[in-house]
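See structure below.
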Amino acid sequence: MASASAHGGDRRPSVSGGSTRVAVLGASGYAGAIAAMLIHRHPFFELAHVTARSEAGVRLDDLHPRTRVPMELERWDADAQSDVDAALVCWPHGVAAPAVAALRERGVRVVDLSADFRLRDRGVYEDWYGEHGAPALFGKAVYGLTELHRDAIAGADLVANPGCYPTAALLALAPMARAGLIGDVVIDAKSGVSGAGREPQDSTHFVTADENMTPYKVPRHRHTPEIEQELEGQGARVTVTFTPHLVPLAQGELVSCYVTPGREHDDGEVADAFDRAYAREPFVELRLGPPAVLDVRETNFCRLSVHSDPRTGRILAFAAIDNLWKGAASQAVQNLNLMFGRDEREGLA
Amino acid sequence: MASASAHGGDRRPSVSGGSTRVAVLGASGYAGAIAAMLIHRHPFFELAHVTARSEAGVRLDDLHPRTRVPMELERWDADAQSDVDAALVCWPHGVAAPAVAALRERGVRVVDLSADFRLRDRGVYEDWYGEHGAPALFGKAVYGLTELHRDAIAGADLVANPGCYPTAALLALAPMARAGLIGDVVIDAKSGVSGAGREPQDSTHFVTADENMTPYKVPRHRHTPEIEQELEGQGARVTVTFTPHLVPLAQGELVSCYVTPGREHDDGEVADAFDRAYAREPFVELRLGPPAVLDVRETNFCRLSVHSDPRTGRILAFAAIDNLWKGAASQAVQNLNLMFGRDEREGLA
Amino acid sequence: MASASAHGGDRRPSVSGGSTRVAVLGASGYAGAIAAMLIHRHPFFELAHVTARSEAGVRLDDLHPRTRVPMELERWDADAQSDVDAALVCWPHGVAAPAVAALRERGVRVVDLSADFRLRDRGVYEDWYGEHGAPALFGKAVYGLTELHRDAIAGADLVANPGCYPTAALLALAPMARAGLIGDVVIDAKSGVSGAGREPQDSTHFVTADENMTPYKVPRHRHTPEIEQELEGQGARVTVTFTPHLVPLAQGELVSCYVTPGREHDDGEVADAFDRAYAREPFVELRLGPPAVLDVRETNFCRLSVHSDPRTGRILAFAAIDNLWKGAASQAVQNLNLMFGRDEREGLA
Amino acid sequence: MASASAHGGDRRPSVSGGSTRVAVLGASGYAGAIAAMLIHRHPFFELAHVTARSEAGVRLDDLHPRTRVPMELERWDADAQSDVDAALVCWPHGVAAPAVAALRERGVRVVDLSADFRLRDRGVYEDWYGEHGAPALFGKAVYGLTELHRDAIAGADLVANPGCYPTAALLALAPMARAGLIGDVVIDAKSGVSGAGREPQDSTHFVTADENMTPYKVPRHRHTPEIEQELEGQGARVTVTFTPHLVPLAQGELVSCYVTPGREHDDGEVADAFDRAYAREPFVELRLGPPAVLDVRETNFCRLSVHSDPRTGRILAFAAIDNLWKGAASQAVQNLNLMFGRDEREGLA
């Protein structure tokens, strides 16, 4: 994980002679708008294009005033908008894959925020998502959970940005997976309403969501195979029980993990595993008490705590992130920083 | 459970010649105020006294306008206010016990909303709550989860009203406990801010609680032994993992239960267990899809769903209640109805 | 106003031999669903039909669980559903008028919750709303602000239920209008998100509305002529400045009125005007301190306060209602009670 | 207003040889914590001390994690903590004045966020606030509404930072005041709950504030004389009607101003007055449609719109700010920038 050359460094030059230009596809959505804002404010990258479908022609700072990005949304055109060094693709799964392929064919480095390139087993992808939109490129991406795959990301041309739930769950579980501690795990996740996207619908109407909460996608949410794949990569082969819930806040996500240990251990071992994993991580805040989502709102931070329960023998780990930031847009920029040899904290502090 | 004489009937006469008078102790708190409101509107009971400590002298409808109870809060005086047939005691654990004892000595039937009489093992009580305030009366109450102990409640003079989390968790788990299906269980609970009481504090300040959520009392919340005791009563001896979370809504509670079955079974057996348990229950709404807390707000209903997950072999059960109603005040009235031979729905529909 | 025979009485018999049957048109909307719920629970009326367009075939308690009305929504059919004594029409203006006309032709008494029959001047209607959908019936309704027109409502076959803002504003201003005190008035109104209707749209998305507030329809909101017409009816010919604001709560409305007195007066005179107007009103709560909307949530109450400001010479009046209850559904039932000779409080206490 | 040398410039050197050190007094409060965060992140200033009373000894990033300021809160000691070039005093009125005097005696430049130095007429101060805590210094401050007093602030040693309501109201009204357009004005203001401070109390309990709204301090809020004083400074001698309301959001403030023009005018004249005033202002965003508070959250921006109402002849102006940022902490930093010859945008973009 945090290697000697932690936080990146000047490993790879920019491809363009002058500034390093970035396009954000799907900047009208919540995550895309934040991604555009972060690139616009970034000291190294230059925001070259922002695209949208139905809102093409509208200025981004009219659609999302808080971004204060005074650029017009363009309709996506692979040829016209490939005059960039990199792209952040903020489209839904399925439609993202062909756009990613078109960008890669034109030599553009990509961080894809959809689910299209996260899985490594095509059968699993098709089981959970259906047919893939760019089969030739399937399996070619690096999974972009920065804290787990920093070095590979730094050398990648295509990064699959993790889902919001896997980001939080894997940060909570990876140290235990590596230590061989996970026998079984229940993941109970809670997310704010922005996770459901910007399209108005009954479930996101203020009158429906306010003062309410409910589980959803029971018992089969698409982030499940992604969590299992990456846990296996960390050494824990386990079938996870994962249930998300909708709670009445705009941004923020809390993941509560209930681990049944797979072997004998003592508490100090658990603490050591977490300290070792995160002591030098710039965006992981390990805490003694349980994390609160407001404390990471509009940041790239993940706040974590881990607790042993002597009564039950279980280990409890809690992780809080902003689903639109560390769970999407800001982690994409963290990855993009590494892909261009920058300090991963640049533009995010 | 729901016996042939379900919903009560005319089993026991009122003790007083005329109307049946009820005192609500601690009516300045959230649950107490609602209890007072429900008694005030009740077609059979008469609200005789409402008490409070620091707000004595204030009218209840000034302190809690929504109750529209135009009565003055009195300072508690066992002798002066025992001219009643029954009392709902809405005081914190520890201080509740002596008041309950004083009322019982004067022949008043009591529903106690504190934790003081819920546990049957005194060692367990002292381990989780400290010294008991009325040891002579310890163990003498009927546990007031109506759907589990209807007949015993109907004959009781002292009922220990369940905690809000046990109410929801036990309704979700009891059918599986009775069917011998619970090998192990993780209970992840989420509650609105009213659960923390009316005393202003940092954690309940709007600016702290709004747009936030966090686990609390990790890993040892006092409702745990209560859940275990009652599960054992239903046939499941299990050490439960229970973690509550604070979410940004005023009233409402959702309990997500992850059961590892203790034996082979098929899905139909689970469905049957729930149908059998709740088909005739007036206040349990069994649903195919997951429940939402807003749908039970300000009602005595519990909404439930149960789901088998073929991937993991787990059974998931979700229960939604209003923590101040079915989780406290309205369940107390449901019990009081039974204690006086009334239809348990009276004043609650 | 509150006449000697206040709160109605047995003035008019029901038209049907048996029970008095009521249809609710547009029961899928927020106000319509509450209207259906109130009729369903009503001791005198029987809910005969609930209608909806796109949700026809769905059960109302599936669409709006809190109503707990186990009836299927039907597509509206004037002939098939006119087997009722009365109808509450909860449709938008424009489309409501023809349905109201069809019902009246079949002898059904109607409370129309749209704006179609509120105005008495057709030119004003067309200026603010466009062409009218049932010109022959224009001007034939009684304006249904119960506290102002109780006697006329009791004798009416067609009542135009007031808009939510006019309800609150007129209750705050009528006593001053009658006393000749209003020289000029600024009305600053704030409403919860349910006022924007159930149709999902950008402005009602939780992520847009939460933690936000904004004025809207500046400077021309359609409730303005309705307020002016009724103020004139109370003796105050004035061009009002009226601005609504959207605030982040589901239900509730607060109207702040800033009156520049039109003549010399003393404070006692203002107090007397309000006391005289509302001392005997069952649903108006006159308070010394400013009202809070939560105190009237899900009730037919209006809470009011009035304050003289010696520095500026202005009179300030504040009124809080639930926009879906007193501002729509429950006031419709209050009126229906009167139209059928019932106590206006029936089914609303 | 925005002079040729807009946004400051290198007018005044820092007093210290090395870095420019700043203390924040009262950093445990909401505004103080944000002020400390802004100084901590500031490229020019160095955060030297953060003080608190009851939380002394606690780290600021434990008390307010979002600040991520890893400094211990100290108890205030005028001698020990005057080793700074400047101080932001975030204490309540009354107690702020003596601390400000102690700092000024030691040569420290001060921005005081309390009300103690905002008024110029001592009688008015005493009438609204009581006895003053440092009479010798009364009247010696520059009123720190940056857009109105930029040049004077740049040369000041003591700046009285405006109240949150006056900031928004004056930005909305100043262009009309200077143009002689204000005959009379009603100001209806709405603020989030953070405006009530961090001290837990009934009115800020989540259960009280959520889903609620209410006017407060009717008809006499202390920001009134401050608004009148500054309007007079801009040429409008007027007795304002000002009423604040509490609305259920954490941060954000909207001020709705209803101006009765004092003379004949045409619409173009109003538009010109606003364009002239704000075209070059870095932190005022003039919009055609009404502003929404979420669009300025956690920024130093004020969003403004102005509308003529031909029906009533009134001019409506709306201003949205973040009450803790432009209404307090970030405006203090904007002023501090100017006092030290920096670009006023430094550390705020």
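The first chain written gets the first letter, and so on, giving A, B, C and D; residue counts start at 1 in each chain.
In this text, a residue touches a chain if its C-beta (ideal position, glycine included) is under 8 Å from a C-beta of that chain, and two chains touch if they have at least 3 such contacts.
These numbers were taken from a predicted model, which means no experiment stands behind them.
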| item | value |
| --- | --- |
| Pair of chains joined by more contacts [C-beta pairs], C-D or B-C | C-D |
| Furthest chain, CA centroid comparison against subunit C | A |
| Centre-to-centre distance between subunit C and subunit A (centres being mean Cα positions), rounded to whole Å | 48 |
| Centroid distance [mean C-alpha coordinates] between subunit C and subunit B, Å | 38 |
| Separation of subunit C from subunit D, taking each centre as the mean of its C-alpha atoms, in whole Å | 40 |
| Residue list for subunit A, restricted to those that touch at least two other chains | 210-211, 248-251, 292, 294, 297 |
| Sites on subunit A touched by subunit D in the complex | 65-66, 210-211, 292, 294-295, 297-299, 303 |
| Interface residues, subunit D side, partner subunit B - complex | 30, 193-194, 198, 200-202, 204-207, 209-211, 248-251 |
| Interfacial residue positions of subunit A with respect to subunit B in the complex | 184, 186, 188, 190, 192, 208, 210-216, 218-220, 224, 239-241, 243, 245, 247-252, 254, 256, 258, 260, 290-294, 297, 305, 307-309, 311-312, 314, 316, 318, 320 |
